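Take a look at these structures.
Look for subunit A in each of the two complexes below; its partner is subunit B in the first and subunit C in the second.
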Partner chain A sequence: MSFWRRVACAVLLLVLAISLAANWLAPAGYAKQDREAAGAPPSHAHWLGTDEIGRDRFARVLYGTRISLFLAPAAALISTLLAALVGGLAGYLGGTWARAAMTVIDLFLSLPWLFLLITVRALLPLNVSPAFSVLVTFLILGLLGWTAAARVLCATGSSLRNADFVWQARASGIRGTRLFWIHVLPNMKPVLYAQFWISIPAFILSEANLGILGLGVAEPLPSWGSLLKELEGLVSVGEEPWKFVPLVLLVVVVTSFQLVLSKQDEVAA
Partner chain B sequence: MMRFGKPIAVAAFCLAALTGGALAQGQLRFCLRSEPKTFDPLKVEDDASMAIRYLTGGVLVRLNRQTQAVEPGLATSWKISKDSRQITFKLHSGVSFSDGTPFSAEDVAYTVQQLMDPALHSATGDTFRSGTGKPETKITSPTEISITFPAPVAGLDRQFDQVAILSAHSPKKEMAVLGPFMVADYKPGAAVLLKRNPNYWKTDEQGRKLPYLDSIQLDIQPNRDVEMLRFKRNEIDLINTLDSEYFDKLASGSQNVAHDAGPSLDSEQMWFNEVAKAPIPEYKKKWFRSATFRRAISQAINRNDLTRVVFRGHAQPAVGPVSPANKFWFNSKLKPEVCSPDAALKALQKEGFHLENGTLKDMQGNEVVFSIITNSGNKYREHMATMIQEDLQKIGIHVNVVTLDFPSLLERMTQTSDYEAILLGLTNTGLDPNEVMNVWLSSSENHQWNPSEKTPETPWEAEVDNLMRAQASAADPKKRKESFDRVQEIAVEQAPFIYLVNRNALSAISANVQNASPVILVPQTYWNAERLLLK
Partner chain C sequence: MLGRKIARHGLILVATALLGGFLSAAMVRLAPGFDTDEAALDPHLNSQSIQALRQARTEQHNIFRFYLHSLQLAMHGDLGTSISLKQPVSTLLQDRFPLTLRLVSLGLLMGWAAVMVLVFTTALLRVTAYDLLATFMTGLLICVPAAVLALLSVLWNIPGALAIALIIFPRDYRYAHNLVNKAYSLPHIVTARAKGLSELRILFWHVVPSAGPQLLALAGVSVSLAIAAAIPVEALCGLAGIGQLAWQAALARDLPLLMNITILVTLVTLLANSSADVIGYVWRGQQA
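What follows is the complex of A and B.
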């Protein structure tokens, strides 16, 4: 493992550990509004200051990190499984199935991703708890984000269909779904793993985009997206550099993921 | 030639001064927050088009935004009949449109006919539509006209502040104007350039032609952060409405550029869905339709915190439907709601609600949980909703805050009624209660908590309908005030809207701009654009 990959792994583990320790490091919690200290700079009581309605920014960064770091992999898992089911299976079956799957995939890819997210979000029931809204946000990302991976898996499935070991399995009488589950799917694993890990930073950024638009997780739960919204006031950020901390953290985490996954990228290609 | 050059120049200058030559003074620059939808003054409904109409349109009377009094414009005088159905204007003579076409009573008649044409669907015309039928115009002379409406129109003269006169004869149609400026260029998505109207009829007290400015450049810039940056870089000269955060930044600087004109006419409010057919649980409809429930919610909200924290002190707790800035129409007997979670809880307990493990439940045991939706991208409303969430948590009510894109929110509000509570703002451009008739009449589409009622569903809504119609048809301002005062009292008693705050009118004006005097009425900073100067 290269030096930089080791550093990236260490950074990710550190960030994960700190976010898990949020209850101890920030006992005040992410929702409590200290209205007398709204918009306060960093101090002993609030290490990264408070946001515009007096909530401790350090606590919100920690809990927001936890939400993003746990749920992005969940969304990535959903999207990878869907991609395997639709893309991989269609590629393996070939012919009309593959063509139909590719048509559906192309249709999904041609839709404006962000508007699709906004539309789906707007159609959801209103009365969901903040915790549920987090699950729903990442579920939507997972359900809509499978298409790019599906193309890759379709191609993989198609190439495996004519592999020697598959012909040999057919010759020995194994057919249909059994052939797919026992022989084809396990050989897709390297590509599946690669797609899974590549998707994680993509979903982290997608949630951040939704959060910036105010369409991500519901208040009072924090997420990286909602924290990045504070950077909208371009005029003031120069005087309040502590507001950059969520952005720096996001960049560090996503870069670390990319460094860790660089080997997986080669496999996926 | 040189021998006579200087004397000739001096003579020319003196002649220009004596004959009321214009005091040419540069280009004013500011931003429009959206693309203007129309240049036809009769079809104006959006803010950007309204700004252009204000700067280019010639009106018969002008509401002085500073004194809130009606002053002569193109009309030198006017007389309203006792039944408020007829108004007779005496007009200035010798006035021309920007393209040289002469102005006369015929143009006023033409404008009124166009305005009241149902096919035009003019929002400005709606304010005159107090009854069915078309108005009649009678031209007595080129400088005198009477307009008779089918039914009384309250505040008849003031309504003409919004009516820019069109030319009946000019081939340029709505581009021939009588205002201080005229549209010279329009680049969609970029800017609108207004130039001085060379035929503008007004002069100042020294006899100099108005406007003083050569031109006004209106850049189309929806992003407030960019607008602020451009102001700080002196690329624009004013910001008509300023956010509290930026106000404080500017105010802390050395130049006196940030202005707080006090409470504006605008309000932020929330309301509950009282539509009978709304797709929400019946037990929730029961809560929302209870005035006691609504008042208890209102009582539990800390408005002082909203004004102090969200608006940084640049707002006032709202008292009722009318801002105290509306000096004549505000009901001064109304007092601000005092935040009292204990009193709110007691009131709810009398209605059968009870606390169980910190959660409020109704008589049937349903947990009191509801959602408040507001438009995403408006951080003030998002913050207010989150603070209200915490306030209501103290009395065991769980609120889910949902931010939606504006089209989706509007669809739920106006089409599907699929919402529980909404937090939005109301921008009041005028003072007269007739301008909010469409909010208070129970049959109206904009009767937001329960639109388009076939008949008033509650006795108090029936009373409000009667009072609004009474004030609309009364000629005596005192009688009108009595009726509208009672409407305000009912609005506070029944709380169909929970009024939260009245934002202050904040603006920024560059030190280079002279004669600026920001006010609370729209347009706050350039209401006297014809007299603005640049150093």
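What follows is the complex of A and C.
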């Protein structure tokens, strides 16, 4: 492992540990309002100041990081499983199945990602509880983000279908689902791992985009998207630099993911 | 062969529009809240009027009938009426489309100009520090959400088209850089270098023709990226284009409007991809 990848791993672990310690580091919680100090600059009581309704920004950053860092992998897991099921199986079965799956995949891919996200999000009720909004946001990411991975897995499944060991397994009488689960799927593991890890930063960025556009996690729950929405109220960049802390943290985390995954990119391609 | 390829793309375009239209109609029909009509809550309406409203909704219960009805209306240029803006969808699209087209075209032009300059200079100069700097800069830009770049463009008074260019540039650079690097490792290009051809000649006579069709395909794909980038840019910069309209429709759950925009965007994206594919095909044919 290269030096920079080790540094990136350490940064990710550190951010994860700090976000897990949110209950101890910011015991007041993300929703408690200090109405005497609404919109206050950083101080001993509020390290990153407070938002416009007096909530501690440091606490919100920690809890928001926790939500994004835990739910993005969950969404990535859903999308990878779907990709394996649809793409891998279609590639393995070949013929009409593969063509039908590729048509659906191409249809999904022909629509810009953010467009698809906001369209599907709008189809569901917007006035929902914060916890449900978190679930809906990351579920949509997981359920819609499988197509690019499915394309790669379809090609992998197609090549595995004609692999020597699969022919040997067929000749020994292994067929159908058993052949797929025992011989084909395990050989897709490297691509599946790569797709899973690559999806995480992509989903973190997508959630941030949705949050800024007001279609992400609902208040008062914090997420990187809803925290970045605060930047909308700025008049100049240098005015309140502490408001950029969530952005810096997001960039650091996504960059770390990119550095850690630099080898996975090659596998996924 | 070329005619067949164009016909095939045309067929795909029509099939996608029909299939996409059906999926959109199904989603609109199945979306929570479709059966309810705010007008039914009007205390001035008598029971017969409310019954008539419910009857009108009941007729739309069958998805296939609902889709065919929508399709019939669309054939006559009636794309429905926006629920939130109370205007015909076709009028809204006609009004907003030119701005988005201009924004996306300019953004693509600027983004691709930057990509080409950076890719070719890194290829020509072959200075590790410059290459690393370009990789670092684009890597950093990729990690910033598109909506944040749009917000920063408002703060720094940057035109919307430039914000779109900044969003698509790092993503396209990565692929374009890899394509050009891959072309440089082709045997005939290694031979050309060994024979002492100048770097400029190698680049424009051998590398560009080899990587060209793939770069063109990438340009086609980046249209989709630019359209997606138009949503946050228009929404956050206050530009009245299709992206802003889609965002407003999403916030107001204006499903008929959103579905029409989705189909339009899908068609534009497919058209761009198909055009890139056909041009690439002609290019490869000329080379052969």
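The rule is simple: the second predicted complex is superposed on the first by the 261 of 269 C-alpha atoms of A that agree within 3 Å, B and C clash if a C-alpha of one lies under 4 Å from a C-alpha of the other, contacts with A are read in each partner's own complex, and residues count from 1 in each chain.
Operating definition for what follows: contacts are C-beta pairs under 8 Å (C-beta built on N, C-alpha and C of every residue); 3 or more make two chains touch, one makes a residue touch a chain.
Everything numeric in this text was worked out from a predicted model, so none of it was measured.
S.K.: So, A:Ala208: does it touch subunit B (first), subunit C (second), both, or neither?
M.R.: second
S.K.: Touch test for A:Arg35: subunit B only (first), subunit C only (second), both, or neither?
M.R.: Once the two structures are laid over each other on A, A:Arg35 reaches subunit B alone.
S.K.: In this superposition, which partner touches a larger number of subunit A residues, subunit B or subunit C?
M.R.: C
S.K.: Just subunit B (first), just subunit C (second), both, or neither: which does A:Pro220 touch?
M.R.: Touch status of A:Pro220: first partner only.
S.K.: For A:Leu126, select first, second, both or neither according to whether it touches subunit B, subunit C, the two together, or no partner.
M.R.: both
S.K.: Looking at the overlay, does A:Ile118 come into contact with subunit B only (first), subunit C only (second), both, or neither?
M.R.: both
S.K.: Thinking of the overlay built on chain A, is A:Leu247 touched by subunit B (first), by subunit C (second), by both, or by neither?
M.R.: A:Leu247 contacts subunit C only, not subunit B.
S.K.: With both complexes overlaid on chain A, does A:Gly54 touch subunit B (first), subunit C (second), both or neither?
M.R.: The first partner, subunit B, only.
S.K.: Name the contact category of A:Glu232: first (subunit B only), second (subunit C only), both, or neither.
M.R.: both
S.K.: For subunit A, what residues appear in both contact lists, the one with subunit B and the one with subunit C?
M.R.: The answer is residues 118, 121-122, 126, 213-215, 232, 234-236 of subunit A.
S.K.: Using the touch definition up top, name the residues of subunit A that touch subunit B in the complex.
M.R.: Interface residues on the subunit A side: 31, 33, 35, 38, 52-54, 118, 121-122, 126-130, 133, 213-215, 218-220, 229, 232-236.
S.K.: Which residues, counting only subunit B, touch subunit A once they are in their complex?
M.R.: 225, 228-229, 232, 245-246, 249, 305, 308-310, 369-371, 373, 376-377, 379, 382-383, 385-387, 389-390, 400-405, 408, 418-420
S.K.: Sort out for me which residues of subunit C touch subunit A in the complex.
M.R.: 16, 19-20, 23, 27-28, 31-33, 139-140, 142-148, 151-152, 155-156, 224-225, 227-229, 231-232, 235-236, 246-247, 249-251, 253, 255, 258-259, 261-262, 265-266, 269-270, 273
S.K.: Subunit C touches which residues of subunit A in the complex?
M.R.: 106-107, 110-116, 118-126, 201, 205, 208-209, 212-215, 225, 228, 231-232, 234-237, 247, 250-251, 254-255, 258
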